[in-house]
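Lettered A, B, C, D, E and F in written order, each chain numbered from 1.
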Amino acid sequence: MAHFSNPLRKVWAEGRTAVNGWLAVPSVISAEAMAVAGWDSLTIDLQHGTADYSDLLSLLPVIEKSGAASMVRVPWVDEASIMRALDAGAMGIIAPMIETAADAERFVSSCLYPPEGRRSSGPIRARLAFGAGYQPSANREIVTLAMIETRSAVDELEAILKVPGLTGVYIGPSDLGSAFGHGPGFDRSEPEVLELIEHIRRTTADAGLVCCLHCGAPDYARDVAARGMNLVTISSDARFIEAGAMETVKAFRRTA
Amino acid sequence: MAHFSNPLRKVWAEGRTAVNGWLAVPSVISAEAMAVAGWDSLTIDLQHGTADYSDLLSLLPVIEKSGAASMVRVPWVDEASIMRALDAGAMGIIAPMIETAADAERFVSSCLYPPEGRRSSGPIRARLAFGAGYQPSANREIVTLAMIETRSAVDELEAILKVPGLTGVYIGPSDLGSAFGHGPGFDRSEPEVLELIEHIRRTTADAGLVCCLHCGAPDYARDVAARGMNLVTISSDARFIEAGAMETVKAFRRTA
Amino acid sequence: MAHFSNPLRKVWAEGRTAVNGWLAVPSVISAEAMAVAGWDSLTIDLQHGTADYSDLLSLLPVIEKSGAASMVRVPWVDEASIMRALDAGAMGIIAPMIETAADAERFVSSCLYPPEGRRSSGPIRARLAFGAGYQPSANREIVTLAMIETRSAVDELEAILKVPGLTGVYIGPSDLGSAFGHGPGFDRSEPEVLELIEHIRRTTADAGLVCCLHCGAPDYARDVAARGMNLVTISSDARFIEAGAMETVKAFRRTA
Amino acid sequence: MAHFSNPLRKVWAEGRTAVNGWLAVPSVISAEAMAVAGWDSLTIDLQHGTADYSDLLSLLPVIEKSGAASMVRVPWVDEASIMRALDAGAMGIIAPMIETAADAERFVSSCLYPPEGRRSSGPIRARLAFGAGYQPSANREIVTLAMIETRSAVDELEAILKVPGLTGVYIGPSDLGSAFGHGPGFDRSEPEVLELIEHIRRTTADAGLVCCLHCGAPDYARDVAARGMNLVTISSDARFIEAGAMETVKAFRRTA
Amino acid sequence: MAHFSNPLRKVWAEGRTAVNGWLAVPSVISAEAMAVAGWDSLTIDLQHGTADYSDLLSLLPVIEKSGAASMVRVPWVDEASIMRALDAGAMGIIAPMIETAADAERFVSSCLYPPEGRRSSGPIRARLAFGAGYQPSANREIVTLAMIETRSAVDELEAILKVPGLTGVYIGPSDLGSAFGHGPGFDRSEPEVLELIEHIRRTTADAGLVCCLHCGAPDYARDVAARGMNLVTISSDARFIEAGAMETVKAFRRTA
Amino acid sequence: MAHFSNPLRKVWAEGRTAVNGWLAVPSVISAEAMAVAGWDSLTIDLQHGTADYSDLLSLLPVIEKSGAASMVRVPWVDEASIMRALDAGAMGIIAPMIETAADAERFVSSCLYPPEGRRSSGPIRARLAFGAGYQPSANREIVTLAMIETRSAVDELEAILKVPGLTGVYIGPSDLGSAFGHGPGFDRSEPEVLELIEHIRRTTADAGLVCCLHCGAPDYARDVAARGMNLVTISSDARFIEAGAMETVKAFRRTA
């Protein structure tokens, strides 16, 4: 327990595609119900989910206990959100709406201790959770994923990928689709969006970084994994509830 | 909005079987994800769920907004739990482990204002939620369901059913099965347990009261509904998460 | 700050009628807004209010800071609720639905350390808040008020008043009125209820104990104070909001 | 319930002045006590109130249930606060300290989906609360109010009013008065401040946008409504408690 | 992680004295700061501590992660408190104020599934935390400790020890000292109290059960461990803060 | 209670070195356990601690009740965090990572009302806690401390110290040490770091401002106090727990 090594890096070192669960409900019991499924990583969503900083303190131990890597999507690229999530013990950060190399630099430097970055020292919970070995290994183990979900991000992709310390990119298909005029939604099938996703993936792979995609259904996720995506998120706790409830009521009420 | 009329009573007046959702997660957002499915009633479980009194204040408005009846399963038959849940606006109470007519009388009298019972006056949230008409109509609209889940309860069933003001019984198949030596579990198929359930249902129907059953799957629930059960609970929010997560990870990882 | 002396006892020693504020909203900021008004005591209502045990920890410091005595109405007469409220630092307890001398004895003995009672030792917050002097003076300073609000309580009044250690009684006019067939409500004017209240007050005074009454409006409270009531509660935080909001919207919308 | 139409827009379409309630207390029960009064809208104040993001999840359902429009004043103009409040279901945003057209553009573009703005897609609670129709109608229904409360804002008013998508302005009389050397306070009577308020209102009306004012008392609010103000806030939940408590204690203690 | 085996039973099987930490602060971060010290078990105190049921959900995962056994002291012997703590995943229960064999029977039967007891089935978090193996092994692994802290308990000790399923006793020296006229306090040195403690320990050992003692300082705990005590609690999180703070300020301010 | 005067200013006026306690645990009871020790000030750490805005509402009354000055370290220099902490009643702000005079100006102007700064008016809790006298005296009493912990801050120190309204600087030795290549840690002994600290202290003193240092142990703090430091922080609540627990378990388990 006293080591800090990020399970995601092991998955990628083995050449596997990580399957990532998504936590939008800020409750310990729903996180435990998710955690039993054996995800490679679990992401607490502080942007479009409903957890807040305080919830990290109770959700992160649950994720750690399951053996999954713990990720946090911060609400926006700001130093306070990023550093507090890491101090709480997040093993990686997904940063939304990265549009330029400058955004990415601000993001990555907030995740890394000097001299690589300017993260402030004080890993209150991370040190308790991972031991004295945390701080020396943090810069090596923490995963930094920049969300690519705007026209500007696509245009600036190569510059973004050159930011030292960036682990990879995370494609937000809903905003990306909207940015290119196709409306929101996951599991895109529009040729233009599919091409964009493949372009981002290939460019990222060429740069030696990982590429991740937010998906809705396991079949779609399997397909993109087969095509080389390094991490796929599938659905979320809130969507499992909604889908389970709707299917159940519908199945009960169907006319024989 | 200013009326207090219990939607469950309307379902039963129409001769329909109510389909009840089960809330074990003490979170507003998971309750909203459940509430969109169109359940006839939603029960907040304070016994084997993880909500506590304080959670009622935020969960009950979500249930009311959905149009479903709001039920609370209290952790045990005690005056404080029952009266506080009702003051918070619960439209009905499910009381666990009712074993005798005396238990049932203590339960029902805690739910009803004098002279029918001894509920203390002070419906802090119920009055705000349902208006000045709440208190005069409360005794008529509140639903009281006694759980039948022990040998003693089965033995005492007729006496329990005679307690004035009792709306009906709620069968807990897991404890009932255990009590008769068959171990825990929902959706029982052991002939002895099935017979017990049918015995309870028929005896309750003969007494002119409603009979409810906790179920795991919609097909099982449809069957018991077809045989005259008045309310069926199906699964829960926590189980929808767990099942959704396990199926998703399994589907993603299956070998082609 | 290191002394534990109950401000209510000083008010009564001076022969004044205490004016008590009522906290139904479990929020620090609403308690602070109440506390500036200069009440002699403030009561956190765990029965018909919406605070729960956890809220005591943040509300009690606010009351103490204001100089008022801190009281807690427990949800029911049970050892856990009473002892935990006292350990959290409540200077007195109001116990609902006391119907017999046995109820009162159970209540009072839960409030007092041995040999006078059977309160368990471990005043976690009380010792921090009031210092090492707390435990030796607790039995002398803590105020115990038994609610008189049923026919049985009226019948048993003299026996209840003889319970050693009881400080006095607290009349719940809404339940008392209901018990005698007049329906719920504060500031009663029915001759029978007025007579009952006066009977309870006089019998209590004759026994050398204090008598308290829950009121709705300051004028009514002034009248009963003038007739010898030792403590009057007036309205509550939730009612101040409701009344303020309704009067404001009405005043704005009135036709000129 | 599955529609997303902002009640405030209906009030304004009918040519009425909306009366807005102000929530500074982060408690469900105080919000319910406010909500019964029939306000046209209720604003949760995250700037000078004490609610935080997490409180939105439980307060917004209460406001929706009442039929009022739900507004949130964010603590500052930042993307995270604005987008999270909207995702939680806020029907409109009041943004403090707008000083330039650039501030207003940043504010408005954070409230609107592409192509009008750059709000990120993921309305976690808004979709559950308002249905699938939410996202297509959000840009049309969401209300965006820029606070005018500094010298710079007054100087830049016409440029601010030209920002596409801005619904109107909200005058903060306390900061505005301070900025012009008159100290803090509501319901201003200084001729210079009155003239400023009328100047802002008239300029805003000329631009075809709505003008709103924070008020303390209903009479003052009636006057400004009569002069054409489109929305008036009156007092707050915390002030109703404070005023109610102080008047009550004073009334009780007044010498006859 | 999918096994349910109680680490305390392993300690005792090895003939060691368990050292137990005490959690009075209901915070995840303080629990993590405690958990790194390597206690054999950690007890969340719901009686004289300040945690409440809801806190169990976030504190228990932290304890499990540390490898320590998780214990809960319930506020009083009632079915709801006991069963809810176990459903949340507590590996053992300490029950205060056991005075008779009947009390002990009520306590133990609430901890065990039928046919040994009458615990209701529904281990919501325990099943998620410990897997499908939880329920079959629960009766064997759960630890039940009856507090001996009154004259009656001492008188009834042999009968209490005969209750089937009881794991042992937990001596509360503060209440026990008070009961015998010596005032509250830990680490007793009065000959009468020492003799009582030794009498309880020896009687319990003779009955083949474990005996536990609440201590204040490690030296005292070492002594009683050497004399055969099976578990010793030492101090608490709240006392570590208080002592650390007082020593620090004193050390800083001491005159050279 | 109705005055707002900052106890820290009195300590400094008397020429004493203030001893400051550090709150990293967001719990009322741990704050009470800290507060009894008699610190001159207590700082709630929103940067590397685990409290969040909402916790301020319950922690600040506890600090005020103790007589200590209440300080808040904000997570980053942003208007929302600073103004909300002050509105909640913080008597002073510690701002991390001040690197330039522009940073310091932004920080200080967020703390002061016009015309000295641009703090927005609305001290919701501060007015309730300190009375009507709060707002007129706030600019005079509030303490503003800029953290000096980077190379840039050291280079810009004289410019930073010239920012009108700045009370002084707070040295973060861990980040400062890292910035100069010595790794994280408190109570530095590297000659270069010691010289830097002395340089900062002397330059600050020459500018007539106060200089503060974060320390780990009382002896180190005494030394720096003797050399003229105006405020020393020593350890934290979380570290008292961790150290107390580790020493206790170690002492118990030491071989005789």
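Just so we're on the same page, a contact is a pair of C-beta atoms (placed from the backbone, for glycine too) under 8 Å apart; a residue touches a chain by one contact, two chains touch by 3 or more.
Model, not experiment: these values are computed from the prediction.
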Neighbouring chains common to chain B and chain E, by label: A, C
Target chain F, source chain C, minimum contact steps: 1
Chain separated most widely from chain D, comparing mean CA positions: E
Maximum centroid distance from chain A, chain identifier (CA atoms): C
Matching chain pair for B-E (criterion: over half of the contact pairs shared, by residue number), options C-F, A-F or B-D: A-F
Gap in Å, rounded to a whole number, between the CA centres of chain D and chain A: 34
Chain centre separation (chain E, chain F; CA means) in Å: 39
Chain B residues counted as touching two or more neighbouring chains: 24, 26, 28-29, 33, 36, 50, 52, 54, 57, 78, 124-125, 128, 238, 242
Chain-level touch network, classified as line, ring, star, complete or other: other
Touching chain combinations (by label order): A-B, A-D, A-E, A-F, B-C, B-D, B-E, C-D, C-E, C-F, D-F, E-F
Interfacial residue positions of chain B with respect to chain D in the complex: 1, 28-29, 32-33, 35-36, 57-58, 61-62, 64-67, 124-125, 128-129, 131
Residues on chain E engaged by chain B in the complex (per definition of touch): 52-54, 57, 78-80, 83-84, 87-88, 113-115, 118, 120-125, 128, 135
Chain E-facing residues of chain F, complex: 19, 21, 24-30, 33-34, 36-39, 50, 218-219, 221-222, 225, 232, 234-235, 237-249, 251-253, 256
Chain B partner contacts - residues on chain C that touch it in the complex: 24, 26, 47-50, 52, 54-55, 75-76, 78, 81, 96-97, 149-150, 172, 174-175, 178-179, 181, 184, 238, 242
